[in-house]
Amino acid sequence: MPFPWEPRPTNVSAPVWRYSANPIILRDALPTSNSIFNSAAVKFGDGYAGVFRCDNTHREMRLHAGFSPDGLNWTIEPEPIVWNIPDAEVEAPEYGYDPRVVWIEDRYYVTWCNGFHGPTIGLGYTHDFKEFTMVENALLPYNRNGVLFPRRVDGRYLMLSRPSDRGHTPFGDIFLSQSEDLIHWGRHRFVMNPVEPWESTKIGAGPVPIETPEGWLLIYHGVLTSCSGYVYHWGAALLDLEQPWKVIARGRPYLMSPQRLYEQAGDVPNVVFPCAALHDEATGRLAIYYGGADTVTCVAFAQIDELVDWVKKHSA
Amino acid sequence: MPFPWEPRPTNVSAPVWRYSANPIILRDALPTSNSIFNSAAVKFGDGYAGVFRCDNTHREMRLHAGFSPDGLNWTIEPEPIVWNIPDAEVEAPEYGYDPRVVWIEDRYYVTWCNGFHGPTIGLGYTHDFKEFTMVENALLPYNRNGVLFPRRVDGRYLMLSRPSDRGHTPFGDIFLSQSEDLIHWGRHRFVMNPVEPWESTKIGAGPVPIETPEGWLLIYHGVLTSCSGYVYHWGAALLDLEQPWKVIARGRPYLMSPQRLYEQAGDVPNVVFPCAALHDEATGRLAIYYGGADTVTCVAFAQIDELVDWVKKHSA
Amino acid sequence: MPFPWEPRPTNVSAPVWRYSANPIILRDALPTSNSIFNSAAVKFGDGYAGVFRCDNTHREMRLHAGFSPDGLNWTIEPEPIVWNIPDAEVEAPEYGYDPRVVWIEDRYYVTWCNGFHGPTIGLGYTHDFKEFTMVENALLPYNRNGVLFPRRVDGRYLMLSRPSDRGHTPFGDIFLSQSEDLIHWGRHRFVMNPVEPWESTKIGAGPVPIETPEGWLLIYHGVLTSCSGYVYHWGAALLDLEQPWKVIARGRPYLMSPQRLYEQAGDVPNVVFPCAALHDEATGRLAIYYGGADTVTCVAFAQIDELVDWVKKHSA
Amino acid sequence: MPFPWEPRPTNVSAPVWRYSANPIILRDALPTSNSIFNSAAVKFGDGYAGVFRCDNTHREMRLHAGFSPDGLNWTIEPEPIVWNIPDAEVEAPEYGYDPRVVWIEDRYYVTWCNGFHGPTIGLGYTHDFKEFTMVENALLPYNRNGVLFPRRVDGRYLMLSRPSDRGHTPFGDIFLSQSEDLIHWGRHRFVMNPVEPWESTKIGAGPVPIETPEGWLLIYHGVLTSCSGYVYHWGAALLDLEQPWKVIARGRPYLMSPQRLYEQAGDVPNVVFPCAALHDEATGRLAIYYGGADTVTCVAFAQIDELVDWVKKHSA
Amino acid sequence: MPFPWEPRPTNVSAPVWRYSANPIILRDALPTSNSIFNSAAVKFGDGYAGVFRCDNTHREMRLHAGFSPDGLNWTIEPEPIVWNIPDAEVEAPEYGYDPRVVWIEDRYYVTWCNGFHGPTIGLGYTHDFKEFTMVENALLPYNRNGVLFPRRVDGRYLMLSRPSDRGHTPFGDIFLSQSEDLIHWGRHRFVMNPVEPWESTKIGAGPVPIETPEGWLLIYHGVLTSCSGYVYHWGAALLDLEQPWKVIARGRPYLMSPQRLYEQAGDVPNVVFPCAALHDEATGRLAIYYGGADTVTCVAFAQIDELVDWVKKHSA
Amino acid sequence: MPFPWEPRPTNVSAPVWRYSANPIILRDALPTSNSIFNSAAVKFGDGYAGVFRCDNTHREMRLHAGFSPDGLNWTIEPEPIVWNIPDAEVEAPEYGYDPRVVWIEDRYYVTWCNGFHGPTIGLGYTHDFKEFTMVENALLPYNRNGVLFPRRVDGRYLMLSRPSDRGHTPFGDIFLSQSEDLIHWGRHRFVMNPVEPWESTKIGAGPVPIETPEGWLLIYHGVLTSCSGYVYHWGAALLDLEQPWKVIARGRPYLMSPQRLYEQAGDVPNVVFPCAALHDEATGRLAIYYGGADTVTCVAFAQIDELVDWVKKHSA
């Protein structure tokens, strides 16, 4: 399984750098797609699989499965995921977007922004990225950016989320909720709110947190409101290993902002939005998947140890 | 224990009628109060007790306990409720308002709009209205109008709530959440959304639902937006006894709108907001406590059977 | 047929004065009414008839017929007007409000704010205030305050209107449209826009214009936006007899503003909204019907000649 | 007269495809132009003529005539159209934009968004694209996207329009109005409102409807509101031949969205806005003129029969 | 010169109490007035004089002089103040409202909200309340609530103001500016911003600060935004005698909120707005003039020493 | 000292033309910079110096000094300017942006948008672009675009400014203030407000006015609000030499609008924002520095005499 990777360009000193062949998935990779972005990749078998946000030419938001041998070249399933829903009281999704995927214990769990009389956090699982089963919505509307931790902490499943409103929410803090059964959630904790100008409108968790010896590495997006609308960036923080609602360190500058044309022009100009990260334990390499301009899928790279150092060094 | 009551005036045909001595609690009933309204009364001992929203002259929103021999004449405790919070990870309330109180099994539970990095549903209990203990916030922000059912249904505690935003939320549907331990909540169900003009902006549960042979009687408020702001009314619906997220019948007209000067003029003109209801099982009498103009506390009366009939008759 | 009248109080120097027994119709004059206001009265038989805006306790806006022997004591039909609609392509009203009624040639014409995928000007007629027939909507949405002239001018029917948007429109000028058949309208002319502070948000025609030797006397409402919402006043102007889109004179101050409690408190505080005027040719007396606080129906009085003089004297 | 055409690229399966040499008219094609877009071309003589929206460097919106031998290379008249206005009561345009041109019976009619105390639908005609005569505004303000049918239907002229407000209107349905004289309009019919996400904010008619055996082919634009503002797309529907306010079929996906840099960057990013279509009856070829980014003029191609089939196949 | 006074009612424990005959000036005290409120009274001769905000029935905002023998019964000049403006480059006021008057050194200075391409702080003076001279606007637009100190401090004139925007400004802090000539202003200092809920939208200086041994006593208004608009209250603070931009103590609760019908109903419901205060050095009595509901003029009373004690006691 | 210059391209007839190697400073010219734009250059020694707006990767707005031998190649100091503030009562800047620099009498003065409880006009000076001293804020918040004249006029220093609100201000006129000591400002004069569509939202002074025999040449920006946000242009006017608040002539069209990709795409699309201009007295050459897309620094060229002629010729 080749890990998706490209070494740091010699002229780049920043802790993350873009893949030179970005974007890796174009907007019309499917005959019916308007755009493919904000998507989640994980290791699967001897390659990679993922759940992709594919907006179709109705501009409906749909989740599709996809597969790749190398994490860079992807085959997207032409049909959206159809959720098997065992409990008749659970309503089928009105729409789905911004998925995250994580292996916990014995299966891949998918969380996504689910249309349930408004946006909230849908929860389901798959073993093979062919059959998908939806369980209960984890949280009440209106919520977005629900991200599970990759293991229980103190015996409880943990989920980050960003309570929202019904529209282009102009505010947003990150909270953490806890569960013993992945159905009922409580023990809600406040994690963090916007502090720096680049994130002054709202923040939201990005990829599944990555466990490091120094804490959970959380990559998250932050939004600034210019006179032309929102500008999305992303940065990183370290959360306490045992009480992950406690922020140990938080990189004050952003790590990435929209600076390439595929990030600056598209259905929503000036968006870089991370939803997944692969990491290679042997080498400490990190491949971060992010959407560009709400239109295409891109990759950036980093070394985990360098990123952790950067967060600690640039913390307030 | 005299039940608070006044017979229907002969010139009133509507199913609810106002107490002739309204308001029963004036805005300055405490030396430090700006207003006392949106308050919750229950039977207690050989009289009544309650939790009252008392905004002080800072315009801070505070909860106070209160006692009454007859449900009409109330003594409000001059100091706000101080919550005992056993779990150090639970944050003390930034503020509290719009309480509901309900006896379940062995104690009185209080839910209220709790300031936790935004409004959400706080949960606590008391045995004596002197000592109060706060447990976990039931739900994530941003939420208001959290109302517990008075018993478990199918083994689970049930809570209605109205997901909101951070401000004067211009939307709102009622959802139901379920819990096995009053800490973790899930199995969220959509209950109902605005339908009629009087409730076209938003709706929210009012008093604790009242169990009747024909269903749970739910009194709820509904808001219309005029060119001068919100106008609050209240109406009623019947929910299925076993699956209370299913609406059996819903009275299409409102039951009450702001028509008296103490409802039309005050800190927020044109508000009638119900938070509690006492009912007398022997006589079927109902005393509904509601706030007037976000300033004073009022009472209205009804017969439960007449009200149930009215809901069924005026359902779509 | 007694004309509704009360002489000017001795302490009033203004050209219009309120009826001392205002409001003449209370909000709950019907068992199903939330409010009765913004209504249109005309001479009919040996008394008076009219079309009334009755919002019911759904807060649905409905038109009802009504009758009066003296213009002050009214009997409102308990059921809303049911429109006979001969042309199957004309859609039945979604709602109706703010009616005007005028006798032209051989029948009473009714215009009102009609729900047709948004508010616009519905047009119908009656001979007896029992049978009502609806023809085509005169204008496209979004429009309000459509008012017919009482006779053809230069062979054409004339209608004033106030193009609007879908909500609580924050702008508004008065235009005039012309028709040869009351079905097709064109030759649109701009009449006037807000000038004075009391009308700075928007203006709209009130009662049917009254023909005087010096021009058409137009009473119209004007809205100012305070930090608590809209404040409705009314004033008057004189339009050219032959080219009524030309304003001859316009009284700069308002004639009436909300100063009584029945105008300041109610479903929409601070509204005086005129929709009809009776005049007695013999005496020059004028009885102006206006809504108070979007809740009740009121009357004010004036002498036409005094009012015309006032307009000319207070014109810019 | 060569028809503007380029065959479908082999890698395109969509029913419309862009001209490879887009944009065909650059923003500074006139010395005084800021942008030239949203323009209307028709067959004229042995070539083509048109009316073009040319915003000048004041950013004033002006209409200019233009001529082309082949529909692709255009010469724009440097001076704006000067309207001859026979009726002194008709006001000269304050501004003009988004023209449509159609041959009916004996002349070319022009409709445009006309500044008449707000935007509405101006109506005029020309025989030679040198002399232009303005008649009455067809409709009251506030309206945009007024489009005439190319022949009478059931003896009446027909116009589609999209009632609006005064600003960047955040709503919009398409209505149809009827006239016997092109001066007075009535018998207004509702045609359609936004349904799909790509058009969820508003829709508006584009080119003059094209008569096909299966109905009137209507190309129309639809707007979605992102967190950076409006995104304009276009799609197509079929209207009943005899009662064109009845929608027979409506393609649910969009046909075109902003995907090229000349559509994504410019004075208004993310706009494709169709205003005209030429069709060749012999070959069934269709050349659709559309504005890119409110800055330049572009062309796309289609086969009418394929487009009709697509609409029917993709209808709900 | 009788000082306007009424002893504290026995049932009032608050440090300020209303005059029992409020309002002292009714809205129609002038034949042309819509309302008279937010007005400034000072000692003058053997009685009192003042500058009054009189909105006329155009709803134009005008300043009028007025006189009173006892501070409670006022005669308002029927004509607005006409400003003598010696410098031709100074523009005449477009409008004037919310005046303050203060005796400094040798004359009465008037500051007011002056219409100069937007609201700002006009400055003028009078010796006799008959002749008024306007000098330069003290500050650039957009500003309101400009209040002079009654003497130089450290050799400089001082002015409080509340920078604003053009409309119903939804924010506002109090700043202090300094001048050596009453023409040029600089050395701007931040004084205070909203802290408590009752003032959470904005604050603004009220009457001319009153010098006490413990500091300058500043009465100021504070605004809270309810779902029906703004609610105005007033409170008090103590500023450092030598560096008055330093807040020594600040009463956290409000001193007065709209609780009487003449404060709750009127052109702007729920407004109490103080603009002037008379104090009697011998007795320490204070008479505070404030507007009610932007409609009438009212008075409240206090003892200065009690008020200073209250501020210190209720400071954070 | 070579003057930065490039002759007019032969195909350009407009009075200003872009430098062919734009942008001259890229967004990441500093390791810590997010963007460098809206910057001020002046002649200094035998080359040029300047103050640059460098937003860092926190998106904090900071001022940096910079130096250049030729006005085109710049070295930016890596650390922000640290202000020496002699007066302890003057608060250190919360942030700084959009600087202007001007030599007056004996030193370089810097004005900028200074964070002082909101944006206002900071004032400081330097002799060497190494040591910088801050004096008093010239004006109260909320203000932006403060620009000094390069000499006293009638003995007084003059400053243009654009009063604003706290956010993305949707309005704005240019005013002039006068001072005898650069500390206290008064004699405020209205200069001009938006007139043309390209500037219809707001205008603001750009570079320091350039004295010409025919008046002060003022280059200023103007903003139009599209449905995607603000579009920034710039134009020019001539102000009276002796009374510079009097506009002698004003070019009605814009001189420059965003037409290159480096102006259309970036952190704020569609911005050209001029902050400085160098002129060469011998040749009449003008080099105008402007920000592109709030991201990069650009240069355009003109001949002063041609520009003056253009203004006069295109004045209304």
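Each chain gets a letter, A, B, C, D, E and F, in the order it is written, and its residues are counted from 1.
As a working rule, contacts are C-beta pairs under 8 Å (C-beta built on N, C-alpha and C of every residue); 3 or more make two chains touch, one makes a residue touch a chain.
Remember, it's a predicted structure, so these values are computed and weren't measured experimentally.
Peer 1: Looking only at residue numbers at the chain D/chain F interface, is the share used by both copies over half or under half? Answer same or different.
Peer 2: Different; most numbers are used by only one of chain D and chain F.
Peer 1: Select the chain at the greatest separation from chain C, using centres from the mean of Cα atoms.
Peer 2: A
Peer 1: Calculate how many whole Å lie between the centre of chain A and the centre of chain F, each centre taken as the average of the chain's C-alpha atoms.
Peer 2: Chain centres of chain A and chain F, defined by C-alpha means, are spaced 41 Å apart.
Peer 1: Where the centres are mean C-alpha positions, what is the separation of chain C from chain F, in Å?
Peer 2: 55
Peer 1: Can you tell me which residues of chain D touch two or more of the remaining chains?
Peer 2: 228-229, 261, 265, 269-270
Peer 1: Taking touching chains as linked, do they make an open path (line), a single closed cycle (ring), a hub with spokes (star), an all-linked set (complete), or other?
Peer 2: other
Peer 1: Can you list every touching chain pair?
Peer 2: Those chain pairs satisfying the definition are A-B, A-D, A-F, B-C, B-E, C-D, C-E, D-F, E-F.
Peer 1: Residue numbers of chain C touching chain B in their complex, please.
Peer 2: 27-28, 31-32, 34, 56-61, 168, 228-230, 261, 265-270, 294
Peer 1: Considering the complex alone, what residue numbers of chain D touch chain C?
Peer 2: Residues in contact with chain C: 89, 91, 116-118, 120, 136-143, 161, 163, 165-166, 169, 171, 173, 175, 177-181, 183-190, 193, 243.
Peer 1: So in the complex, the part of chain E that touches chain B is made up of which residues?
Peer 2: Against chain B, the touching part of chain E is residues 13, 196-198, 200, 224-229, 231, 233, 252-254, 257-259, 261, 264-265, 269-270.
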